[in-house]
Amino acid sequence: MPKARLTREQIAERAALELPDGAYVNLGWGIPNLIAAYVPKDVVVYFHSENGILGMGPRAKAGEEDYDLVDAMKVPVTLVPGAAYFSQVDAHVMTRGGHLDICILGGLQVSERGDLANWRVPGAKGAGGIGGAMDISVGAEKLIVTMEHNSKDGQRKIVTACSYPLTAIECVNTIITDLAVIDVTTDGLVLREVAPGFTPEEVQEQTEPKLRCSENVPEMALRTK
Amino acid sequence: MDLAVADVPDGAIVMFGGFGGAGFPNNLIQGLARRGARNLRVISNNCGTGDGELGILFKNRQIRHVVAAFPGPGATYFQQQFDAGEVELELVPQGILCERMRAFGAGIPAFYSPVGVGTDVAKGKEERVIRGKRYILEQALGADYAFIKAYRADRMGNLVYRKAARNFNPIMATAAKITIVEVDEVVETGTLDPETIVTPSIYVDRIVVAKGIHNA
Amino acid sequence: MPKARLTREQIAERAALELPDGAYVNLGWGIPNLIAAYVPKDVVVYFHSENGILGMGPRAKAGEEDYDLVDAMKVPVTLVPGAAYFSQVDAHVMTRGGHLDICILGGLQVSERGDLANWRVPGAKGAGGIGGAMDISVGAEKLIVTMEHNSKDGQRKIVTACSYPLTAIECVNTIITDLAVIDVTTDGLVLREVAPGFTPEEVQEQTEPKLRCSENVPEMALRTK
Amino acid sequence: MDLAVADVPDGAIVMFGGFGGAGFPNNLIQGLARRGARNLRVISNNCGTGDGELGILFKNRQIRHVVAAFPGPGATYFQQQFDAGEVELELVPQGILCERMRAFGAGIPAFYSPVGVGTDVAKGKEERVIRGKRYILEQALGADYAFIKAYRADRMGNLVYRKAARNFNPIMATAAKITIVEVDEVVETGTLDPETIVTPSIYVDRIVVAKGIHNA
């Protein structure tokens, strides 16, 4: 049986474990948007949305949508007790000013020194769009990128230097993929965990820069295997 | 409605509030479409959703230049005209888009920003190291008109918003020569709690009452 | 009978006529603080206070003071309908951003080109204090200075160049004193009105820079003479 | 009360809200006086009224340096120590004092300002002409602690203020590593209207309930 990489949901599940109790958190497009569903029951986190909400709850139930209460992906959401509304400029005082505890974004490429490219594939049609990703990347106290380890056509996405247009330089702290959890440190990339069934060597093979690791790299802890 | 936008000339710089389908002054936008002013320079987080929001102004080819953070995949008319080189785009990080407007309203001509350092956004901008970190210089961004959407106004122009429909609206109100607001209802002056007013009347020039239009 | 210069109250009364209906106005320390009482009955103006009020009403009656509702001089005040509270930083978005229609400040010296000195007498003891005057002077759409034409020891206060520490340069539009109303223009100072009974020559004598004026300079219109 | 300020070390940079007798965290200030931390660098619009507000900290000689807009004629202890050269003062225009704090909280390291051009305030600062007007460069201003006063907090730390006692408090909350708030009352989380919260909980680290002290 060929070994299975993690699903997008499993990446989200693993990423959810990075959220400490009481944290103020912004989640970006893509896999990050799946994370809220996996926050452990005994952990309370407050979700920030760059359109001016702190304390977003789950998606609104069908029939109960209020289109004045949407998240940054236009999805009707709800509030938790203690939530607050504010303007977009105040929302970005929070992002850029370093007030959020953890931000989790999707990624197209992450470099050895933690540069992130996540807003535009070179040569793609259309104007592209930056959105809030640059403000969030620059300001995040801790920035986690969740993404598949390889692109659809098998290219490595963790690279020595990004070839895609950058979102921000030296901003990523941790990368969580379908193969591994990797920390970006001043000494380079450190392999913290591997996906169940994979070896550090197999992860290294799909990763352009050299990964450092201890002798025994644990497997990611997941409820759903 | 049409009266409120009747003096917007060709070539005007116009800001539009709204984000994620919420807080768009859609009635004012449609009034401007009917008015037909051309060669507009617009400032807005996105560039419309089909015919909705700013879409109608692109469809009518009224817009020449746009400053936006996320034009959006649904901005069909904009994307066509952009690919054809018929409309100019300045792409700005969303928080910096807000911050540049705030700076204008606050009498700050320019500020240093950590956002976009080392990226395409930094191209052509002064870079400077301050206390050991790299920053780029960003310029204030103002407009001739701000078209905004609020929930409720009093007759004097004090405004409150509804939920996440607040978004860009209060900051745009401070950054334009003439601010025109579309509201669900107008109440008597003195009935809004002074503690909870988000946009004080000093920033509001014209008020129009209209039933909100939502573009999904 | 020696001619009487205007009283401080009369200067305030004349200054009040400069306020158009519907104006947003900031009044500073000293004579400006007397102006609100003289606003004509058919004119509504909205007073701004840099501690975060727009729409201040009269001073609170004795026994009805609320010490959380004070103006920039610590005086308990009231609100008019349509007033709003905001933070000090937002109050100065209004001053510096040019949103107020008219600001009226006291003055120690005003120069020919409209420089204002109003916060410190050279050699005075103590640290002095700038307060909000610099922000207000720089941002005011129209800045009026109300002051006595001469200092207590008879020095001219309208000067070719200020010798006192400056509040802001090229900021004053109009000077209203106990002798005259003078406009600061790109062509220099223009004498618009004289105090009842005084001649342009008498005003010029107490004014260091050259005053331009038309052949017939009207007297200031005052109810109280 | 004393517990809330127990970790403020000698040499700390501390901001204090309050203006015109309103919105001063007087109970926290008196707690800091009892704690006795010395060599403080403080940021506050004024420098006390007799023993009141910051006065007690000057009386105790706990303050070495102050950034203020209007120390005030009633700041007896400060004025004595200033005349004797025992305390350092950086005098800042009031709006720029606020704006430098806001910049710090907003991740903006420095900005150009029209205020103080050609005056003593410009001394030692870079001057630059932007779009034909003169400006000076102002630096962000942050602190280790902000001591602020609000009216009501929920348990999570969301704050609302009362009337003109709001003043410097909300902006200081964004500009300090640790924000300690003194409130009249604490209510259950979820009972403050999300539309009317002025300081969201993200900016608040410690809450102390105390009966307000007013120094006339």
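Here the chain labels run A, B, C and D in written order, and each chain numbers its own residues starting at 1.
Just so we're on the same page, a residue touches a chain if its C-beta (ideal position, glycine included) is under 8 Å from a C-beta of that chain, and two chains touch if they have at least 3 such contacts.
Everything numeric here is computed off the predicted structure, so don't read it as measured data.
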Touching chain B and also chain D, the following chains: A, C
Separation of chain C from chain B in steps, with touching chains one step apart: 1
Most distant chain from chain A, judged by the mean position of its C-alpha atoms: C
Centre-to-centre distance between chain D and chain C (centres being mean Cα positions), rounded to whole Å: 29
Whole-Å gap separating chain A and chain D, where each centre is the average of the chain's CA atoms: 36
Averaged-CA centre spacing for the pair chain C and chain A, given as whole angstrom: 56
Touching two or more other chains - residue numbers and ranges from chain B: 99, 102, 106-108, 113-114, 161-163, 195
Junction residues of chain A - those touching two or more other chains: 85-86, 92, 96, 138-139
Topology of the chain contact graph, where touching chains are joined (line, ring, star, complete, other): other
All touching chain pairs, where touch follows the definition stated at the start: A-B, A-D, B-C, B-D, C-D
Chain C-touching residues of chain D, taken from the complex the two chains share: 19-23, 45-47, 68-73, 78-79, 82-83, 89, 91-96, 98-99, 101-102, 113-121, 161-171, 198, 214, 216
Interface residues, chain A side, partner chain B - complex: 49-53, 66-74, 85-89, 91-92, 95-96, 115, 125-135, 138-139, 165-169
Residue numbers on chain B that touch chain C, as the complex places them: 102, 104-108, 154-156, 158, 174, 189-190, 194-195, 197, 200-203
Complex interface listing, chain C residues touching chain B: 24, 46, 48, 54-55, 79, 81-86, 92-94, 96-100, 138-139
Of all residues in chain B, those that touch chain D in their complex: 99, 103, 106-114, 130-131, 133, 135, 139, 160-163, 193, 195-196
